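Two complexes, one shared chain (subunit A), two partners (subunit B, subunit C).
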Partner chain A sequence: MHTELTIETPHQRQNRHKAMEAISVLNALKEDFKSPIRSMGYFYDLFEKVYCRHEPLHEGKAKIGTMCIQIPSEIIYALEGIPIRLCNGFYTDDEIGSDLLPQKSCPLVKATVGWFASDNFSDKPDITFSPTTCDQKTKAGAIIGSFGHTVIDVGFPRTKESEESRHYWRESVKSFAVKLSKFQGKKLTKSNLESAIKKVGYAQSLYHKLTEFRKAKAVPILGVDMFLVTNAFFFDKIDEWIGAVEKLLAELEQRVNDGVNVAGKASPRIVYTGSPPIFPNYKIPLIIEESDAIIVADETCSSNRMFNDMVAVDEWNLYDMIDSVSDKYLKACTCPIFTQNDDRIRRIIQLVHTYKGDGVIYQAFAGCQVYEMEQRSVLAAMEREGIPILYIESDYSPSQHGQLTTRVEAFVESLKNRKRMKK
Partner chain B sequence: MRYFAGIDIGSTAIKISIVDENKNLIGHKISASGSMFYKYAQETLSELLRELKIDESEVVYTVATGYGRKLFKEADENVSEITANAIGAQQSAKSYGEIKTIINIGGQDSKAISLDTEGNVVNFAMNDRCAAGTGKFLDVVAMNLEIGVDELSEYHFKSTGTPLSISSTCAVFAESEIIGLLGNNHSVEDIVSGVHYSIAKRIVKLVKRVGVKENVYFDGGPALNRGLVSAIENELGHKIFVPSYPQITTSYGAAVLACDAYVCNIESE
Partner chain C sequence: MKNKFSLRRAVNNMNLVRFRFWFQIAAFAFIVYGGYIGLDLGNKLPTFACVYNAEGTGGKCYVGMLQHDLKHPIDVFMGYAGYAFLISLVMFMVWFWVLNKGWCGFVCPLGTMQDWLTMLREKTKIRFSEYSWANRGKIKSIKYILLFLLLLLPVMIANSVFGIPKLPNGLSMPFCDICPGRMMIPAFTGDFNQFYIDFSSKTDIVMTTIGMIMTGLFLAGSFIKKRFFCYFCPMAALQYIFSKPALLKLYKDGSKCTRCGDCYRACDMDILEIADDVTTKNMVTEDCTLCLKCVAACPEEGCLEANFMGATIFESTKEGFVLRMAMDQRGEKHAH
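The block that comes next holds the complex of A and B.
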């Protein structure tokens, strides 16, 4: 007698690899830190459901894939679609994508392409809109298109100061709205757009409340948990996300009253910037917080930059609303693809002051040229301001942990020393 | 008498230093890290204490550092090797003057550290992941050339031609480059000095990232190689100071930190 052993299919194997990656990060979040937050349970379960058990969240709904943060989710919601942001953080997918892209490409782009190549989705997008942000993302859209998936480019300018850019982007957004409207067979109206703007605005306001807590001396929530909450917004049902964040807010309020501090008394406060931490690639944020520092704010497109600015509408007419939505996604964006990007430096300095940061950690993915290039100007600006900054280059691979830890710990130790000297 | 231990568990070697209450170095020991960091570190410590005739109970505070620092559970504290290195360098170079820049080449990585006038770490840079320009790289080179690592220096100074250019940034590719040079009948001496200059160029780039300020201190195992020291001095355009035991600076720094931490705790109690 012997039992028949079956060999996994490639899909099963990839799913197992992704589940292994996901669970190790979730376990670290759940177990490695003191004073866990009860209402984070919703988010841990959500990620486990989607990435370990591969359960669909949006069966039967039209799923609209987006890249970067510039495709307005307000318009997608108004047209009854589900926005799914496809920027991906899995090393498993990065490895698959490495076969299709130049070796020196950015891991985020490789992982996103790899995701499509493996066709391994719990919720597969029905159509994808790709803003022409950086070169790699733009070309990735074409590669994904070659797999037979519909990808529509949405023209995005690389300067934001000029009126021409603004006009160009507004037209792009209008054209996107028309295409999506046709795809969905639904009409964009004053009332459905207005209610979508209000709902997304409400979700943003909740994020702003969360960040308020991080200004306090005793911080009730870890940076890694915050990244998980904001990353969930990429794909979660918006109403459930809102409900979960409201519960989280209530619990944090209680923790503030009880004086709970997730960090130590002397833990340096870090402002995080650079290439976005996207689940499960929390390599650097985890190293930072395991090294006895705490991330109190960030300037990344997977968190603060995504939620920071809200749509400001003067007149609630359809075209005014579309213009306001467009402006929010262009003018307020501090992505390093922009040339003349002083806004980003201003924002980082402002975050350091508002959140009483002791230092900045700037992470760039190897191969992410714009972040690598902008590093120098940001470092110089921080030096002028007297703000200590550490620049790190990393990727999605699980190696390199020893050296990265040494660097981060040494930086944290020097910040602690600086704090002691000030006293 | 009270003693303090600094244990540096590196990728290649375990270094242990013992200091007394006045931060004087009482003794040190170096052993290979091997495959069992923790066990070998414990053994090395017991041997060292036996040699110094110090009872374990007299060692009142221990600080661990280096890659394997978290494995040494008996340590009272652990600290990154950059912080420990900075402290150790300043202590061991006291007679030489104020140290502003540290170059450290270890088994797996190379670092440049810049210090302020108070001796605090203000900036540092490290090589990215690969072993090019580290102690491991020198091991590989010596093995390929069939000479001992400790002979490299001798060969360096015997070189009469132009040092050969080794352009690869990766230890594995450099190996094939060296084989190529041997195939073209270049002398071992010229290859060795070429290797030293290629490491020196790389390390100087790293140092320039943090800013070169005198005095420059150079430590880590490869600092024992006078040929490499001379190549770095030439590339940098500065004299550099190498301590008598360049391998133990970091463990010495950890021991000094142990002493400080212990004294601080007593004072605050």
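The block that comes next holds the complex of A and C.
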């Protein structure tokens, strides 16, 4: 035992494996594509710092874990906490979690549970709020709690159409705010919530400006880079993230003027949807963009859905702001856990039209019931609209790479043919 | 081209709340004081320009006129009175078609007063109330009942309907008797003579008492509930009947809507359809006041728009949204 310790502890081994996963993706991002963006350097460094060198970002601050996008970061920032979203994309952690969860579980959930089981964080959350979204997330919250971690459930409705759901969720958010406020020993006030709403709103507005660039014929930024930027928002210091995105925007502006295109002239434009790409599991997005296609938009909770709709306040009083924030996190959400999938379908179609997509790629994690179940409804809708779509099931393991590449390449090829025929 | 583009952009980025505030003040002054400088738009206006504000008004309320028009024995009505009625109605429709329900959101003095009371409440930080959803549906029909009564009662004064004896003359302007406009609008010209209970007959006592109560409710109700009175307003019901061909429209492109509900949150009339309906194009619903707050609150590019005779005049944009919500700067401090 002792000798083993001097060689490598399990934590050290886990970190080494994660660093290897992280660095291979970062290297691919940095090296495999033409015309790299200088200001993406900030994000590459950030991920290297956290996932390769294991350096903490928020020492001395209260870190508030969240299990999904539905926990309002506005309220966490207002109460001076740091929201850390715990959705995990590491195969290493997925394997640890596999021993604790059924074989067929969602890799994202397994990886999150595995992360907690190993208790190996650079920034360990002090408390975690778990919205009861999909079954697996819900259960994962309880399992993580059984490891001795503080996890608080935040009741999330599964039907979003009804007024009952709206009321239920508003109450949930209020009680979340009360609990967090107690935990932090701080009061939620009109002024701290207002400035948090405006800060997060500003960050969102920057994201929207970034997406504007992707509408153009010559796309100045890769989809995988965009995923990296949005994933960084999971854990970065918000002010630094804002600063980095401002720089990125300026550089993209320049690139547009210079006519830089990160894709080829004939590269099909892809709208991406399904289970969320979370660093470093960029398997499918990387395959897509290495196969001479370009992701111009997405409908996933790790990116577009997270930033899309903004909080609108009518009366800037505390009660109205809390209700507005609650509504945004429920009503605008297009998560497939909801009974109806119509909003999500409409959104995908809308993205295809606004971003002039040539096709849709739908990834579902093996074991993710909701995305697997909604596959049919989305496929049928795309067929009606005449939008080509490819459905892929994947997980975090590096094994199926070859087979997936073949399928994606074939799809991209068919899109290219279609484009040629149209001309 | 560039110029046109920036004008459009400037309009879409405007601060609607401020624009509406000043527009309403100007319209209010016009309606309530216009008469003093000789303005007169006639007596068929689709808004509460109260006839009891005799000296001041810059135009007069059609609901008052309508009750007057209907108080004729049937044979007279079949003759010249019927023509007069039709001509009035057409005049009303023409006025109404210009602004559609925008008369409510931008012109009606009673609507404006309610908005002022809302602002006052906001200052006191008192929370607004909402009607419960169970009652919301029932409330909707009250304005039609009121409209029906105000059409029927004058007829019943001049005629015996179904053998029922004629109604007493005290009911000749039944809605005016209970309309808060009768007291509130002249009050702004210093004329408080309408605050009284008329003891000349039983009907008058009852009606003027209801009138006083209505005015009290109007003031108290709209302090705690935005546009409290508009939910019951028979003018709104009358307007809605003619709303379809109007020139000003509120259009929605459902394919762009994410049903985020931001528009519904902004709507003083709690109109759920504005957020939830993704198939209808024309969103001017019966309770809508065309205030355009929903357009200003929608964060989706081109999803909601105010349209005049086929031309977009104001539409939702991301940029406009961010500016109006003051989310355009990274700092903590924002000027309001």
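We take it that the second predicted complex is superposed on the first by the 417 of 423 C-alpha atoms of A that agree within 3 Å, B and C clash if a C-alpha of one lies under 4 Å from a C-alpha of the other, contacts with A are read in each partner's own complex, and residues count from 1 in each chain.
Note that in this section a residue touches a chain if its C-beta (ideal position, glycine included) is under 8 Å from a C-beta of that chain, and two chains touch if they have at least 3 such contacts.
Because the structure is a prediction, the values reported are computed rather than measured.
When the two complexes are overlaid on their common chain A, residue A:205 makes contact with subunit C while staying clear of subunit B.
In the superposed model, A:31 makes contact with neither subunit B nor subunit C.
Judged by the touch definition given at the top, the superposed model places A:399 against subunit B, while subunit C stays out of reach.
The wider contact with subunit A, measured as residues touched, comes from C rather than the other of subunit B and subunit C. Touch criterion met: A:421 reaches subunit B, while subunit C stays clear of it. Once the two complexes are overlaid on the shared chain, A:413 sits against subunit B while remaining clear of subunit C. Shared-chain residue A:59: touches no atom of subunit B or subunit C. Of the two partner chains placed by the overlay, only subunit C lies in contact with A:346; subunit B stays clear of it. Legend: residue contacts after superposition of the two complexes on their common chain; A:319 is shown touching subunit C, with no touch to subunit B.
Residues of subunit B touching subunit A in their complex: 67, 79-83, 108-109, 118, 120-122, 124, 126, 128-129. Subunit A contributes residues 161, 163, 166, 194-195, 197-199, 201-202, 204-205, 208, 239, 242, 246, 308-317, 319-320, 323-324, 327-328, 331-332, 334, 343, 346-347, 349-350, 353-354 to its touches with subunit C in the complex. The part of subunit C that touches subunit A in the complex is made up of residues 122, 125, 127-128, 133, 254-262, 265-266, 272, 275-276, 278, 293, 297, 299, 301, 318, 321-322, 325-330, 332-334, 336. Put simply, subunit A touches subunit B in their complex at residues 393, 399-400, 402-403, 405-407, 409-410, 413-414, 417-418, 421.
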